[in-house]
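Have a look at this one before I ask anything.
Chain IDs A, B, C and D follow the sequence of writing; residue 1 opens each chain.
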Amino acid sequence: MSSRLNVGAIGLGRLGRVYAQDLAQRVPNARLVAVADQKAELAEQFAKELDVPKWYQSHQDLLADPDVEAVAVVTSTSTHKEVVLDAVRNGKAVFCEKPIAMSLEEAREMLETVAAAGVFFQPGFQRRFDAGYVAAKKQIEAGVIGTPVVLTSTSRDPFRPPLEFCDPKVSGGLIADMGIHDFDVARMFMGDVKSVYAVGCTLAYPEMKSVGDIDNAIVSMVFESGALGAVHLSRNAVFGYDIRAEIWGTKGSLQIGYYRQTPILIMTKEGITHDVVPYFMERFESAYLAQIQDFVSKVQHGGEPAVTGADAMAAMRVSLAATRSLHGGRIVEI
Amino acid sequence: MSSRLNVGAIGLGRLGRVYAQDLAQRVPNARLVAVADQKAELAEQFAKELDVPKWYQSHQDLLADPDVEAVAVVTSTSTHKEVVLDAVRNGKAVFCEKPIAMSLEEAREMLETVAAAGVFFQPGFQRRFDAGYVAAKKQIEAGVIGTPVVLTSTSRDPFRPPLEFCDPKVSGGLIADMGIHDFDVARMFMGDVKSVYAVGCTLAYPEMKSVGDIDNAIVSMVFESGALGAVHLSRNAVFGYDIRAEIWGTKGSLQIGYYRQTPILIMTKEGITHDVVPYFMERFESAYLAQIQDFVSKVQHGGEPAVTGADAMAAMRVSLAATRSLHGGRIVEI
Amino acid sequence: MSSRLNVGAIGLGRLGRVYAQDLAQRVPNARLVAVADQKAELAEQFAKELDVPKWYQSHQDLLADPDVEAVAVVTSTSTHKEVVLDAVRNGKAVFCEKPIAMSLEEAREMLETVAAAGVFFQPGFQRRFDAGYVAAKKQIEAGVIGTPVVLTSTSRDPFRPPLEFCDPKVSGGLIADMGIHDFDVARMFMGDVKSVYAVGCTLAYPEMKSVGDIDNAIVSMVFESGALGAVHLSRNAVFGYDIRAEIWGTKGSLQIGYYRQTPILIMTKEGITHDVVPYFMERFESAYLAQIQDFVSKVQHGGEPAVTGADAMAAMRVSLAATRSLHGGRIVEI
Amino acid sequence: MSSRLNVGAIGLGRLGRVYAQDLAQRVPNARLVAVADQKAELAEQFAKELDVPKWYQSHQDLLADPDVEAVAVVTSTSTHKEVVLDAVRNGKAVFCEKPIAMSLEEAREMLETVAAAGVFFQPGFQRRFDAGYVAAKKQIEAGVIGTPVVLTSTSRDPFRPPLEFCDPKVSGGLIADMGIHDFDVARMFMGDVKSVYAVGCTLAYPEMKSVGDIDNAIVSMVFESGALGAVHLSRNAVFGYDIRAEIWGTKGSLQIGYYRQTPILIMTKEGITHDVVPYFMERFESAYLAQIQDFVSKVQHGGEPAVTGADAMAAMRVSLAATRSLHGGRIVEI
């Protein structure tokens, strides 16, 4: 029994509940001992349903609980800095969903505090734990495609968020909100980014102009190595959820991604049809689980975080540069 | 808390552990309260690892436990009759992995006892809970392919079992051991089988002749409706695990199945390559979970079992007839 | 100029025109010097359109033409014997579309005459010239899949023929009419057939019962080598034309076939859709051309026919045995 | 006979021979009456092999032939202007392979002369005649994907050309040489291009630096409509020839392209493998034929050219702008 890590979950929104449920039921070496959410009744109900011993409204109360050894922070981005700093002060190991902060300044302050305290800190980038991306990384390291020279990374949502969440003041805008995963993937495969140029449009949902956001973007990149990249972002993959990457090397190439959700083809006079992965929860269910398992395991048994705070800051830096490029209509060096 | 079903797991072999682990960690409305296995230390170790309160060597002791409301029976087939009858006598709801018995006589006696006792009894046929088969059933019921007129169902293993498990006295032979899933699928889509004709060979693993088993078989079928079917069974799909079905109707057709396990393509001078689902655990992990969830849910909230004892007997009857056809070199009416 | 073979085409039905057009325009070392068809105006019109120097109503007149060195016989099956024997008597090299005769007796008489005359004779089995089947044969011969142990060969039409052509007295019935290609493929990959068992139904087009034909059949086979096979035939692949084969060996397997005709995917809220090869002309256009090119080339430069009269007889023998099996409801040894 | 168009072919290099052979053998309403090539013996040999009545060393001699009604100009780009102007002066209808000229100035002079003379002039852009691109255009015009908002167009060669052909002074450089097809496709689906930004690298074949060329490029585009695009160009798709396009609209999307050449899958312990279209001749054989058939048909029966001189100039303009962007490291307005 003592071999389990006692974890608390802070924030029980859509994604927060996924992590909390995984911690409660699917991570054998973790025990979900407490949950916290600003909506007290949500915390209570969730705790009762999943047999979680304690629930809190305030994250400070949860962090003051000596039973809690580590926390998963899945609150809204604007509160990440406060919650993470509080957790660090209480000596808890921290998993923090991306983006870790609203600005590079916030992020820098957080990481300095983390470093000074010497606590374990891991930002959330679940694609790094997806079977496809993991397999690609292994193949590249094994030299199967030679030296990577071009990357494309694609993220397309099946619909736009509600307008209030599109507001760049809340979301950071399409490039920061969606693209940060692609920029992290880009760095994982290709190394650091040297310059970016972004173009965008608002043609699929003209109403998004009212809040100042775009619905499609293409970001072209030059890496420090001289290699090239392009990130494609969209809110109108109306048929389903389209997450892909291609890495082209000197000896071969890799394609990551798939569309079909259910292993069935329907063949009628209208043609051959299959369904599509509907959205991110279906696409990355296993990756979210693998990520939080990895966090628990590393905290327990030691080792460097699979994703570091420096990785999170580097991806933020690229996404902010690409956003500036979009607004300035110019190439931005990083 | 009172809303959970208290379940015991009997038999902790490879598949037994899957069910037990699902019941312990992934079926929210179940509580795994006890496990039993002839190897006492295996039961104890498993119970400790998964926080299962009680463990037993003898299935009778588990069945005598008044805390246990339902049991999953995943022992070797030769013990199914005894364990199930004991469970029924103790008034437990019963899930029993396929095949439910060694012979039609055994099965008949078990089902009569179940019926007399009025307990809930569900045989294990996990393909009925696989997303592909479920989607196909829905599409057919919605009339998308019209009336089904031809079925093919395919089961191909990546390798042969150890010779001692190939012995038809233990396994029932290839057709009974593997084919029973296909015969159940056939009945699910096409209704009852009228006649069968089976051919077999032992060309991939000649050493299987020494125990009297075959490594490949094709069973052609005529259904009561007049429709046609073919079941393909093999032990030498050396590239991976090949589970498929096609249903051809008057207005269209369906294909169920997939090969690729990891969403990555590798493209080199050697061509385009992808990996393959390696074996049944990877292929049917979700289906095993959905099946035991359905069992727990039905026992708790009432309703007919998704698969009945009569279904299990009907599939057995077809597989025994096909085995007789193989040995007799003749068409067998059912 | 003298390096071209002067060929005559007899029979200008749908398939006859394909061969004639290929000979006129796409076989560089052939010259189509004459065409013949019972419908004189059809022969004349075709000749004028394609600049063919001579046209005839009677095949005898074409065969009497000393300019003609070789002929493609694509008349109705019931006339094959007469036309081929006339051609042989005139010393012409003969390509004869499948099936070469109405009965094994006819076929035997034709082949004996061919052998006695020593003329070049090649029956039409275009699948042997399809890129997929050719590549599979090469891979098998290279040992890539080890020893073949199971074959499935599938032929599914998108619709039934007009009822008058379904009449088994004309067509030979579904098994002989469609299946002969599959039996030839089976022999090409697996060797000679030892026994067959056929089941059939008439559920998609009940009106076919009025002429005594079936719309679906499954023929299971045992080969002389002990290997197994199944042939699937259907008239109701309503979505398109479905021609496939699988060969399963001791070290791997091969799948031949494809559905998509146009390289485009359409992705909308209804799912991902693509079109399908509509029918045999689209599927086998290249194979028909490769076949007649091979015939011309072999006649010119010598060499054994790629398909022999003995091959044609063997495939006929299997299809007739399977038809007897269907009608007798029994296993038939060959 | 009089219903055929008499065509001459000028230039019998690799692609020139394809057009000439198509005109000789596969375009029923054309007659190839003459060929010309600077290498006289090549022209003579080709003419003899394909029964072409006349052959010339000088294009002027061919153009002076009153039997010639139309010409296909497939000489090296540096001679296009001279040959086309000579053809126009002789009143011949002209098909001219892309790029039609070395510079926009040359192209402008050619098109003004063509316009003044009123002769039929069609530049070669065979992708417009490929079944996939044609089907996509139809679907878009039918409204299936709504309004197009993003395009990606991909051209990847399996290897680099010999260094002497890589020299930008000869080839125009990667972007002009390969990309012009993609820019034409971009305009066909999305309309005119407003601005471009190109990045490039020389990492796969460092030796290309010696001649001043690159081996990979990404060109991001903004269209006049506000829509976005990206063109991916590469010389190191070492596994085969990779030609694709995606068009994303407000209601759905389309993907054009395919990899598999031969309809066969090989399944062994190494995974599932298939081959790939090796190069442009295999990929676009049908498109080249359809294009020259369309040219012949339009010249005979009237109608606007499917691709106009203005289209060719517009694609050139984009490719030159993208080349300037690459060299200047800046965004270029068109």
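Here, a residue touches a chain if its C-beta (ideal position, glycine included) is under 8 Å from a C-beta of that chain, and two chains touch if they have at least 3 such contacts.
Fair warning: this is a prediction, and the values are worked out from it, not measured in the lab.
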Open item on the list: Looking at chain pairs A-D and C-D, which one is connected by more C-beta pairs in contact?
Closed with: A-D
Task: Taking each chain's C-alpha mean as its centre, the one farthest from chain C - done: A
Open item on the list: Need the CA-centroid distance for the pair chain C / chain D, whole Å please.
Closed with: 38
TODO: Please work out the Cα centroid separation of chain A and chain C, and write it as a whole number of Å.
DONE: 57
- [ ] Report the inter-chain centroid distance for chain A and chain D in whole angstrom, where each centroid is the mean of the CA atoms.
- [x] 42
TODO: Scan chain C for residues touching two or more other chains and write them down.
DONE: 237-239, 251-253, 260, 267-269, 275
Task: chain C - residues contacting chain B, complex - done: 147, 149-150, 152, 156, 197, 199-201, 203-204, 215-218, 220-222, 225-230, 232, 234, 236-239, 248-253, 329-331
Open item on the list: Going by the contact rule set out above, which residues of chain C touch chain A in the complex?
Closed with: 237-240, 259-260, 267-276
Open item on the list: Going by the contact rule set out above, which residues of chain D touch chain C in the complex?
Closed with: 1, 25-26, 28, 49-51, 130-132, 135-136, 139, 144-145, 251-258, 260-269, 275
